[in-house]
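Given below, in the form of structure tokens, are the structures.
Two complexes follow with chain A in common, the first pairing it with chain B and the second with chain C.
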Partner chain A sequence: MGVLSRVAQGILALAMLAVIWGSFLYAKPAANFIGESSRIVFYHVPMAWIASLAFLLAAGYSALYLKRRRVEDDEAAAGAARLGILFCLLATVTGSIFARVMWNSYWNWDPRETSIVLLLLVYGAYLGLRGAVEDPERKATLSAAYALIAFVTVPFLMFAVPRMYASLHPDTVINSSGKIQMSSDIKLVFFSSLAVFTAVFAWMYALDRKVSRIVREAALAEEGAVAR
Partner chain B sequence: MTGLSRSFVSEEEGGTAAPLRLTAPPAAVLLGKVLSNLVLLGVVSAFVVPLFLALMSFEIAGVPLFLAVLLFGGIGLGAASTFVAAIVAKTAAKGALFAVLATPLLLPPLVAAVTGTRIAATDPALSAGADVIRLLVAYDGVMLTAAFLLFDAVWRE
Partner chain C sequence: MTPDAPVAAVPSHGALFYVAAVNLIIWVGLFAYLVYLDRKVKGALSRRTPEDPR
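Let's turn to the complex of A and B:
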């Protein structure tokens, strides 16, 4: 491993420590929230943001696959979907903890809770489809088509349907008035947290790409050995 | 719904998919399948909806809204399930996979249609359900466009 990536990892570790310290000790609890519950915003929102980013990547690489037919693009789409599910689950869990504190119930089928379950179902179905097809090229094409058709329904889940029903969910960061309503200390920690978690995601994604490549090359080498 | 999943499976199993691939452009095949599925859905609704209304003594106050929800909801359901049927026909586990793949795609229009029906049951004005109709029409447009763009890749696979 190069010196440069070692240094980057060290900086990332220090930044993560600073964000954790800031989220609990520096930022003051926001008004209108019970007790310390507003601190979850430093973890919940980055998770949801990374999940959206991952699903965007999955759709983008799926479109690239259909255009260029390169196996790397298919692997990149699958890896992004896997990581997206992980972060989507973390967003669900952190949201559920917040719901317990604020609304006194871990789960009450709020429109937001319903739509995140559907999002998990969509990408669970995507991975299920990948598992059900043997032929690698057919698997890649069918799952790319499904990823794209699923991706166009995501805006309905995330934006249209929750807005049609009364939700207890606090205003999203990009809200209807187009302003970020946060005090300056919260804003500082929040955006640092967003940046740090995005960097962690980028690192995980790079590792995932590497693992997929090694697995593919190992399979090819094995095939070659059998043929000989 | 389960019947719709068969629309491409029968072509693949009966060996008629290959000649169809040679003679007809993909968009024509998809259009034909979507239309025939919509006709099927329409016929089923024409039987089931009056029967349900009569047997459950369920009164509709806003008939125009109810019909609009039926129409646009039906188009969305038909388009999405036809496309999923095309994907599923290429896999080994067809029936089970259809349910898994279609459910999350169909839930947004289903939820909207349920809400629209609830509004239509009490409110006679068409404008009361404008949000629902807007959402359903947007879904139909998006789903049909995406299906036509992506069908080529699935069909040729």
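Let's turn to the complex of A and C:
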């Protein structure tokens, strides 16, 4: 690992510690939330944002795979989808804890809760598809086509459905009048959290891609050894 | 569909426990993914035959 990489990781770790400190001790609890529950937003929203970003990356690399037929693009799409599911799952669980504090129930089948479960099912099926097809080229082609179609549901399930029905969910970050209604301390911690968690995602994604390359090279070496 | 009215249930100091729980769950989730990647690499490397010196 290079010195630059180590320094970057150190900075990331310090920034994350600062965000955690800020989320507990710097930002004041927001109005219209019960007690300290608004602090959950510093963690829940970045999870949902990164899930959307990861699904967008999965769709982008899937389109690239269908165009260029490079195995690296397929690996990049699969890695992004896996991480997207992880962050989507974390958004669901953290949202559920928020629901427990605010509405005394972990699960209410609120439009947002329902739509995120549907999203998890859609991308769970993507992993199922990858696991079900043996032939690598066929697997890559089918999953790339599926990931493109699956991404169509993301804006619909994450942004449209929750706005179409009455929901317990608080206003989105940018409210219906196009404004961000946050005090300056909350805004600072919130956007720092978004940036730092996005950097953590970028680091994990780079790691995932490196691992995929190692696995592919190991498989090729194994094939070569068998052929000899 | 109109959801039921929100019900306050947790005292304000108790909510801080939930914030800590959220933090913990996120870090456990992210760490679990790193463990998954680590096992994937170890699994791939262990499949290599002895003829392969890498």
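Rule of thumb we're sticking to: the second predicted complex is superposed on the first by the 228 of 228 C-alpha atoms of A that agree within 3 Å, B and C clash if a C-alpha of one lies under 4 Å from a C-alpha of the other, contacts with A are read in each partner's own complex, and residues count from 1 in each chain.
Rule of thumb we're sticking to: contacts are C-beta pairs under 8 Å (C-beta built on N, C-alpha and C of every residue); 3 or more make two chains touch, one makes a residue touch a chain.
Keep in mind the model is a prediction, meaning the values are calculated, not measured.
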item	value
Chain B versus chain C, judged by how many residues of chain A each one touches	C
First (chain B), second (chain C), both or neither touched by A:51	neither
Chain B versus chain C as contact partner of A:66, first or second or both or neither	first
Touching partner for A:145 - first (chain B), second (chain C), both, neither	first
Which superposed partner A:196 touches (first chain B, second chain C, both, neither)	neither
First, second, both or neither for A:125, with chain B first and chain C second	first
Touched partner set for A:85, first chain B, second chain C, both or neither	neither
First, second, both or neither for A:134, with chain B first and chain C second	first
Which superposed partner A:157 touches (first chain B, second chain C, both, neither)	first
Set of chain A residues, in rising order, touched by both chain B and chain C	165
Interface residues, chain C side, partner chain A - complex	1-4, 6-16, 18-19, 21-23, 25-26, 29-30, 33-34, 37, 40-41, 44-45, 47-49, 51-52, 54
Of chain B, residues touching chain A in the complex	80, 83-84, 87, 90-93, 97, 100-101, 103-105, 107-108, 111-112, 115, 131-132, 135, 138-139, 142-143, 146-147, 150, 153-154, 157
Residue numbers on chain A that touch chain B, as the complex places them	66, 118-119, 121-122, 124-125, 128-129, 132-134, 137-138, 141-142, 144-146, 148-150, 152-153, 156-157, 160-161, 164-165
Residue ranges of chain A in contact with chain C within the complex	20, 23-24, 29, 34-37, 39-40, 43-44, 47, 82-83, 86, 89-90, 93-94, 97-98, 100-104, 108, 110-111, 165-168, 200, 204, 207-208, 211, 214-215, 218-219, 221-222, 224-226, 228
